[in-house]
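Structure provided below as structure tokens; questions to follow.
The chains carry the letters A, B and C, assigned in the order they are written, with residues numbered from 1 in each.
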Amino acid sequence: MLISGIASIASAQPGCLVFAADAGKLEDALRSAATAIIAGQFAGNVNSTKPILVARNPKLAFARVSRLFSQAEHRQGHHASAQVHPSAVIGARTWVGSNVVVDENARVGEGSSLESNCVIAAGVTVGCDCRIGPNVTIHSGTSLGDRVRVQAGTVLGSAGFGYVPDERGHYHLFPQIGRLIIEDDVEIGANCTIDRGALDATVIRRGAKLDNMVHVGHNVEVGENVVIAAQTGISGSSVIEANAIIGGQVGIADHVRIGAGAILGAQSGVPSNKVVRGNGIVFWGTPARPIKDYLKQLAVLARLSRQKEK
Amino acid sequence: MLISGIASIASAQPGCLVFAADAGKLEDALRSAATAIIAGQFAGNVNSTKPILVARNPKLAFARVSRLFSQAEHRQGHHASAQVHPSAVIGARTWVGSNVVVDENARVGEGSSLESNCVIAAGVTVGCDCRIGPNVTIHSGTSLGDRVRVQAGTVLGSAGFGYVPDERGHYHLFPQIGRLIIEDDVEIGANCTIDRGALDATVIRRGAKLDNMVHVGHNVEVGENVVIAAQTGISGSSVIEANAIIGGQVGIADHVRIGAGAILGAQSGVPSNKVVRGNGIVFWGTPARPIKDYLKQLAVLARLSRQKEK
Amino acid sequence: MLISGIASIASAQPGCLVFAADAGKLEDALRSAATAIIAGQFAGNVNSTKPILVARNPKLAFARVSRLFSQAEHRQGHHASAQVHPSAVIGARTWVGSNVVVDENARVGEGSSLESNCVIAAGVTVGCDCRIGPNVTIHSGTSLGDRVRVQAGTVLGSAGFGYVPDERGHYHLFPQIGRLIIEDDVEIGANCTIDRGALDATVIRRGAKLDNMVHVGHNVEVGENVVIAAQTGISGSSVIEANAIIGGQVGIADHVRIGAGAILGAQSGVPSNKVVRGNGIVFWGTPARPIKDYLKQLAVLARLSRQKEK
């Protein structure tokens, strides 16, 4: 039977491929309506009429296979309502949706999609095989590498938040004219905001993944393969080194450095100018400290509070 | 005199209806320029030339009456600049505003409004009497019940944040192809993001109300009549049972269960896999604990800190 | 040599103006390719072939000079794809970009820009020399003063989050029909949401600056020259008095008053009905307390936790 799609074990129909993360899930998968299964080494001895593909990392194999199905959906063509400036250069095999705006001298690489109502400002560069969602805004001064995905409503290259007070306490905008550089394979969620540099650049390095509503301030550098969960904010000039993992609703103040591979638990906060180091070490709380210290402090506080009660 | 609108007591003009929450406010209302008043039982003996409608819950009565005025404003018609795919089905008495995009096989029920520049992707279902705000994006795989209101800039059905790392630490997107189901009478604020399920569904049940900038991750279930204040985030696969009240800037990690009727104070945080139970009990802090415990802990800490000072 | 632009010292090319904040930076600037330098009094004795402009506050002088370069870029004209209602009044020297929607009786003042795909609803007033970014939504009932800047994706005048529960626990929307008044020189970041008043008005006073993803609830008053960093939320009916400085991810509950000149550290939280006073005093934590008390409490907790260890 032909495999026509992927599914969860619970919702699988005939024609579906599913994956089993462990032996228990494999039993569920065998009982399901799925036609084929990706499983791990633990499936070696199983007797079944269903084809089982054994992979070292079944979830990873499943994720890779699923790409084959989604690529089939790539639309091509330019909708008549799109407003593409004559000086813009749009590559082959692209999709330019309804009411898309592509301004002067913007460049969009081969195989990229610009979904409905997104705005690509003058001089922006979008690489090949990118996916730019509906209602996205990409401001001048921004360049995207290849295979970058930007979800709906996100704003790239906005002016950063830098003001200089005068003697009367009035605030004057410091120039926000730097660039925003987004490297290959970066994926950005919905309704994020990433500011351009003030005079230099904001940089999101290769392979970084940002969830929804993440805010990145001016002159920030987000390293390779960094993962940032939803609603986290990073203030100006901070650096997140490669492979760090940042939880949701984390606040990173300005001029902070988060070391390679460090892990910040959800809602933690790192004050200005701090350095957080430790590959694989989890930090939590505000101000962020090693989680074992933080949990001990919480325990001490709970104990003292109970003592007082007696 | 004809009642032509509603107002606060402070701003009431002749022709306005106001409400009084208590006897003091009723005095203010009687002195105001308002033409009529909704008040509670406390208005029973009041002598006045102004008509007073006595209701058990005057604020609720006022809210209900105000609907009559706002319904009068419902626009109808399809703006010439809207891009509606020929296969889309649009019901009677609808408003389709400027630059609205309605893609293949989408369905929009009777009496619904699609405001300017919103995008309804292929296959989306919008029920009857819905209000979809400007610049909203509704992705494929999403269905909305009746009387759903979605405010400007909100993104429904975005791809969730699920990645599988390979042996080199590169992240691969886990398929995010599930559905998003939004039931009747749900109201969603501005600039929210609600992700579709990964393989199964994200569900927002009947009557739930979400404030602005709320993030709901993939496979989450938000129960009936749940209320969620602004900037709260809910991670993947968590369940909020019916009638829970979630404050602003709350963080709920993945695979959490918030019991029916529980109340989470603003900025509180619930770690992964936790269960929070207690109808009508308020929880606060990170990790969230019953508010009386939390306040006691804060008091103990303040006391110890003052002792040290001496 | 003609000055053709501004730059950082690190990236300066011939023709660039840079600024030096101190004597060390001045040395860097002198060695750079920059053509001219703005510096402080400390530059008085320096011998250089480069012209040095000495200012009391070199950063402020640089910010002011940079305006001269950005004003040159102001576009004028109305794009053919814009949907401007015949009853709308658009001033001279304006830019109305692609797919912009300006509805009935809206008014836009001289010299203002409406960027691509933004929506100006019926009856909205936009003053002179305003900059309204792409994909912005401005709802009916909103008025903007002069020189207001609103960045991409922001929603102004959304309906606030006010519900009245009935006897069955169903929520009914309280009318949200008040105004939103934004005074002169206010600047608002990307993807913010500012709700209109319920019956009266939400007001953002002259010169206030809001970073990205700031949420302002109904009936809030933000005072003159208040600064609010990214991802902060302010609940209904709270008042922030003039010159207060609010950090990022701060949560301010409803009916709070933040006194003139008070400073709230990042991620701090102010519970309902509280008053926070103290010009120039920094508050931190949730509930927010003077930072010296909070730091002392953190230190006590860390010490107790270490003692327990022994």
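Basically, a contact is a pair of C-beta atoms (placed from the backbone, for glycine too) under 8 Å apart; a residue touches a chain by one contact, two chains touch by 3 or more.
Note that this is a predicted model, so its numbers are computed, not measured.
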Type of chain A:chain C copy interface by residue overlap (half), same or different: different
Chain A on chain B, rotation in degrees - Cα superposition, rounded to nearest 5: 120
Averaged-CA centre spacing for the pair chain C and chain A, given as whole angstrom: 25
Junction residues of chain A - those touching two or more other chains: 81, 99, 117, 135, 153, 191, 213, 231, 249, 267, 301, 304
Sites on chain C touched by chain B in the complex: 81, 83, 99, 101, 103, 117, 119, 121, 135, 137, 139, 153-155, 158-159, 161, 163-166, 169-175, 177-178, 191-193, 195, 198-200, 213, 215, 217, 231, 233, 235, 249, 251, 253, 267, 269, 271, 286-287, 293, 296-297, 300-301, 304
Complex interface listing, chain A residues touching chain B: 6-8, 10-11, 57, 59-60, 62-64, 66-67, 69-70, 79, 81, 97-99, 115-117, 133-135, 151-153, 185, 187, 189-191, 207, 209, 211-213, 225, 227, 229-231, 243, 248-249, 266-267, 285, 298, 301-302, 304-305, 308-309
